[in-house]
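Presented sequentially are two complexes of subunit A, the first with subunit B as partner and the second with subunit C.
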Partner chain A sequence: MKNPLQLNPKDMVNTYLLFFVMHSAQIGVGVQGFQRIVFQDAKHDAWISVLLAGIATHIVTFFMIKTLEIYGANDLYGIQQDIFGKLIGNVLNILYIFYCFMSFFSILRNYIEVIQAWIFPSISAWFLAITLLIIIIYAFTGGLRVIVGVSFFSVVLSLWIIPMLAFPLKFSSINSLLPVLETDFRSILKGAKSMTFTIIGFEILMVIYPFLNDKKHVQKYAHLSLLATTAIYVAVMAVSITYYSNEEIVKTVWATLTLFSFISFPFIERFEFMAVCFWMLIILPNLCLYLWAAYRGAIRLVNIGHTKFVWLFAFFIFLGTLFVQTRIQINAINNQFANIAFYAIFVYPIVLWIIAALKKKITTKKEQKNEQA
Partner chain B sequence: MKPFNQNQSPTAMNSEAPTENLETIAQAQDHFIQSIKDATNNPDDLIIQSFPPNITLIYIDNLVDDQTLNNNIIADLQNKPNDTPEILMAALSIPEVTVTSLLIKAIEGIINGSVLLHIEGYPQVVIANIASRESRALSTPENESQVIGTQVAFNESLSTNISLIRRYIVSPDLCNEKIKIGRRTNTAVTLLYMNGLASDQMVNTVRQRLASLDLDALIDSAVLAEMIDDNSLSVFPQMLLTERPDRFCDGLLDGKIGVIVDGSSMAIICPQSFTEFFQSQEDQNLRWQIATFVRLLRLAAFFLSVYLTPFYVAALTFHYEVIPQAFLVPLSESRALVPFPPIFEALLLEIIIELLREASARLPTKIGQTIGIVGGIVIGTAAVQAGITSNILLIIIALSALASFTSPSYMMGNVIRLIRFPIIILAGFWGFYGIMLAVCFILVHLLRQSSLGAPYMSPFYPPRLKEMRDSIIRMPIPLTAKRPALTRSKDDYKFDPEPIKPKKS
Partner chain C sequence: MNKLKYFYSPLLALVLLYGCVETNILDKVGLTTLVGYDVGTEKKIAATVVIREVNPEFQSNVEVLTTENDTSKGNRIEANHQLSKKVVVGQMRVVLFGEELAKEGLRYFIDTNLENASVSNGIYMAVVEDRVAPLLEYEYENIEDIGQHIFRLIEQNIEQEYMISSTLHEVARDYYSVGKDVAMPIIKRDKELVKLSGVALFKDGKMVSRLPATDSFYVKIVRDTFKAGLYETILHHEDLPSALQKITTDDMTVAFDAIHSKRKVTLVNAANPEFDLNVKIKARILETYPDINQGDPKSVAALEKAIQNKLAKELEKVIAQSQKVESDIFGFGEIYRGSVRHAQLTKEKWHEMYKDMKVNIHVDFVVLRNGVFE
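Let's turn to the complex of A and B:
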């Protein structure tokens, strides 16, 4: 087992904070409008698709932790270098860094799109990108503790949004969910697959694992956070299906935000204006964590300081926002990215576990032979 | 760690004199007087008295206690034969007397309020400390007043302040270390902490930060607090300045470290978390339900004060849809005559309020009240009638100004006062998006701060459920037995956390 990370105990974070880290990494821009893409395939059984996707995350996470446990205190980058050798491992590491970059970019670009569509149609994308990047850089340079803190506050301060789901319930009819399992199973699975873009984020576990101070409870908190995410997604999906009529949901791009627009209080109307802006706090940990994950990979490849890295990263993201302008381009990127992410997040970790487990068996056998000889 | 109360006496305090100044005291009387005159630049209040046959007495007039000088030194000198410094030392009936042969120590003694007694023919001098410092009487706390609780505040005298603290904490564990800061002012700074409660590492950090300061002058503790903060560039203070001895002692008993500066009526307490700035000592004296209510009120006031005006500006500039219909009519009526955009209107009124505030803080008390009336009523009404601002904004601004006064710490109140302006500007340009940028930026900024290396957002981040019982709420006293982990105290619990169940009789 090569390349174990030598970490200062000061840099470690409490394991229970993993709950907030994974949960905040999962919930982001996707939840604003995932209903449409899932509904296209799974129809009114879409909530089952969401549930299935949630179960899939549990399975994948289980194998991720198994792989990580083989190595003790190492992250994905180190494991890849160990399993595939320096060359192929580093190529895979670059790919993973690129994946983080793409993930960061698509979250940022989608959020900018939402801001432009809902609030400021005339404000330019580069301005929004710069303002968001400045805050992210500021958080990132504070180190992992600050990033985890942002995740924590992001989850805690957003809790008040969940009860808002009760408002549309007044107008919803439970009959929309019936009959259960009318759609054929293939379509439901297809719907589950379209959840990818919304539900990913938990792969941050592969990078943050060595920083957790109590490795024994990782399974518990990881699965708890996945459970919370799945519960929220299923709830949002169920409310959306019962609230909208069948055709409406396919036509609504940001169904969650449209749900919010019916909420009104005596002192405030058109609640979604606040929600859209408040979403900044929800995507902030997303962006910080992907940036941090990319940085962890980059320092394995080249000797680069974190300030230099973050400015380079931000510069390329900024260039990206200049080139990707239209809704069609963004959609295309989302779809491509979701495709890649499906294999990178749902298939690859299981393959990695099989290889790691096999390798461990072979090496232990060899060692036993050596001892006998 | 030094044992308690070492270096307490001002004469012993100077024991670490630099070794290069080893000039000894002259045996001849004339030479001795001349060397003292040279070293002190021959001030007019330097009194030199000769007692035949062989004794010279030198002191600075305004620094010594005349009564003690007459009764205990001059009277003693006249009655007894004086042969050697040792005999002289024994003859004087005052507690702090030392003998030295170093000139530099004699100089330090005389400027600290000692009388020098020189005997012709001896290369030593007797230093008798009878210092008397002018200080005002103790008074009630004016900046941190409270209804229920002690009504005494620190004053400018270091020894009075320490004696106040020693009255609250009667314990040999109360450690006291004196450090001198300021090359020119030689200000006495005292480090206070509870042995067995305060973390050694934190005490060392403070000690080291104080020792490594190279200042020309130190006049007030607020300057010192800024200098030894973790992040002096941040607008948020990371150490508490308090004038209340009870608050100070409560901090020490939580395992915190206190610093008192001679000549300053504000004491420093550290480490301090962000939430603790919104706690008042009075909360401890009230019933927990009331204390919780008041704390929540203060927290609400903080958010109201910082975000209400920006919200108004953002809603009126960009997001009319957000305002409910019933409210839109009175709002547009009151704004119908206002010629300015909301951001300008809000900034104008905010600046007027700040002007009033600054004026009433600077002016003598009697005129200050008049200014309040003139500003509040005349300018407010006139501004609305002249059509410069809307009624509703006037209410909002007054409300947020009022709310900013609820912070028990004046330093934090100032922060609230200041950070409103950038948020109003952001709201005026980018609406809710701008406000949210500010929220995220402040959140990240607060997360990045630390106080003596301890997390500033404690107990919320890192989350510690047990300590949240005494944070923005206050649970009953039996449930708040744990000391804050912020201080890394050696003794975790204030008392046995078992609930007290009084027997029915």
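Let's turn to the complex of A and C:
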């Protein structure tokens, strides 16, 4: 087992914080409008699709942890280098860095699109991008512990949004969920696959694992956070199905935000405007974590300082926002990205585990032979 | 500290730059509070807007403008051409439709309002008898801001549950639902007043019929569960149970306050749709004329019975009328869709079936109490 990471105890984080890290990495822009995509295939059984997608994350995470445990204190990049050798391993590492980059970009661009569509139609994307990038760079330069802190506060400070789901319940009719399981299973699975873009983020575990101080409890907190995410998604989905009628949900672009558009308080007429602005806090850890994951990969390849890396990264993201302007382009990127992410996140980790387990068996046998000889 | 400066200065600059986005200063905008649409004479849509202009020095004034164009946004441009202030729609509360336009179909108006992020989903929609423009342009003696007035009128009646609720969300949901049709209040001008005069029934987003305003109570108890609503009815002498027939030789008027009403619809026959409709109303008797002894359990039971029969009869009448015009405002189709697997229900298919649907109505009326003086 080559390349284990030598970490200073000062850089380590408490394992229970993994709950906040994974949870905040999962919930982001997707939840604002995942309903229509899932509903297209799964119809009123869409909540079952969401549930199935949630179960899939548990299975994948289980294998991720198994893989990581074989190596003890190493991340995805080190594992890939070890399994596939320097050359192929590094190619895969570059691909994974590119994946992080794409993920970062699509989150950022989707959020900017929401701001432009709901509140400020006249602000250009690059201006919003710069503002967000500067905040993210600021957080990133603070190091992992600051990023984990951002995740923690992002989760805790946005807890109050969940009770807001009770308002639309007034207009809900439970009848919309019936009959259960009317859609055929294939379509439900297809709906579950459409959840990819919304539910990914938990792969951050593969990178952050060596930094956790108590490896024994990783399993517990990882699965707890997945459970929390799944519960929230299923709740949002169920409320949306009962609140909207069938055709309407397919036509609503950001169903969660439109759900909030009904809520008004004496001191704030249009609650969803608040929600849109507040969402920045929710996507902040998302962006920081992907940026950090990309950085962890980059330092394995080249000798680059973190300031230099972050400015370079931000520059390319910024360039991207200049080129992607229309909704159609954004949707095309989302779809492409979701397709890639499905294989990278839901299929690849299991394959990786099989190879890692096989390799371990072979090497231990070899070692035993060597000892005997 | 150095590092902080490094980040704070661009951030500060950006924050200041955000002040440069398009501003909406209250005394420089005209707040649209109400929009009414009619069929245009030359172009497709005639829009009448009620715009409130807030004036820092004087009392704010209300302007009513009518413009004609092919789209609703085109009408907004037209309205802007006639005003010194920018027209904004963020404070819009009510959308009204002329009867003729409602009969042509409202799909376009539902979609265009849903699409616009600055329009809340909580705005009310209603149909105006005849055309909207004369209703809004009339100079009422006692109504200063007609937009606000109509909003309060509709809001108050919906909140007190005298009228069916018709927010943009509910209208859009019913419109896009396969087993339910849209229903909206109807308003009209009555001399110096604006009043709710009925309930409009829609089929596929087109108005097909109307019910009188008093029938909105029956529509409400079948459409959903509700909490409070004052209701008055006349029990005809020949319908009264014998116990009550002794008391009076004339018709009997009863007023009650439905404290709680619950409806339950179950599909009993899927092949030829047949539903059981169970309505349970708990009420407080407010008034009976002539007086009956409400301390006597027998006469109370007789009264309950009489009201039950009356309600069942009225419900039957209302449902029959909606069946005749194939407008399922009660949502029986949704129940059907939810109970029959692989029904492949479409709007057309359901309207076909709705015509011949059978409903068995059971009303359970319970008198909880009367007033403080028997």
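General remarks:
Please note the rule applied: the second predicted complex is superposed on the first by the 373 of 373 C-alpha atoms of A that agree within 3 Å, B and C clash if a C-alpha of one lies under 4 Å from a C-alpha of the other, contacts with A are read in each partner's own complex, and residues count from 1 in each chain.
To be clear about the criterion, a contact is a pair of C-beta atoms (placed from the backbone, for glycine too) under 8 Å apart; a residue touches a chain by one contact, two chains touch by 3 or more.
All values reported here derive from a predicted model rather than from experimental measurement.
In the superposition on chain A, A:E269 makes contact with both subunit B and subunit C.
In the superposition on chain A, A:T131 makes contact with both subunit B and subunit C. When the two complexes are overlaid on their common chain A, residue A:Y348 makes contact with neither subunit B nor subunit C. By the touch criterion defined above, A:F309 lies against neither subunit B nor subunit C after alignment on the C-alpha atoms of chain A.
Legend: residue contacts after superposition of the two complexes on their common chain; A:S245 is shown touching subunit C, with no touch to subunit B. Of the two partner chains placed around the shared chain by superposition, neither subunit B nor subunit C is touched by A:F62.
In the superposition on chain A, contact of A:W118 is made with subunit C only, not with subunit B.
By the touch criterion defined above, A:F318 lies against neither subunit B nor subunit C after alignment on the C-alpha atoms of chain A.
Shared-chain residue A:L17: touches subunit B; no touch with subunit C.
119-120, 123, 131, 135, 138, 264, 269-270 are the residues of subunit A that lie in the contact sets of both subunit B and subunit C, per the superposition on chain A.
Residues of subunit B that touch subunit A in their complex: 318-319, 321-325, 327, 430-433, 435-437, 439-441, 443-445, 447-448, 455, 457, 460-463.
Residues 14, 17, 115, 119-120, 123, 128, 131, 135, 138-139, 142, 145-146, 149-150, 152-153, 156, 264-270, 273-274, 276-278, 280-281, 284 of subunit A touch subunit B in their complex.
Partner subunit C is touched in their complex by these residues of subunit A: 117-120, 122-123, 127, 130-131, 134-135, 137-138, 141, 171, 173, 175-179, 182, 243-248, 251-252, 258, 261-262, 264, 269-270. Every residue of subunit C that touches subunit A in the complex is listed here, in rising order: 3, 7, 10-11, 14, 17-18, 21-22, 90, 114, 117, 120-122, 167, 169-170, 172-178, 180, 331, 334-335, 338-342.
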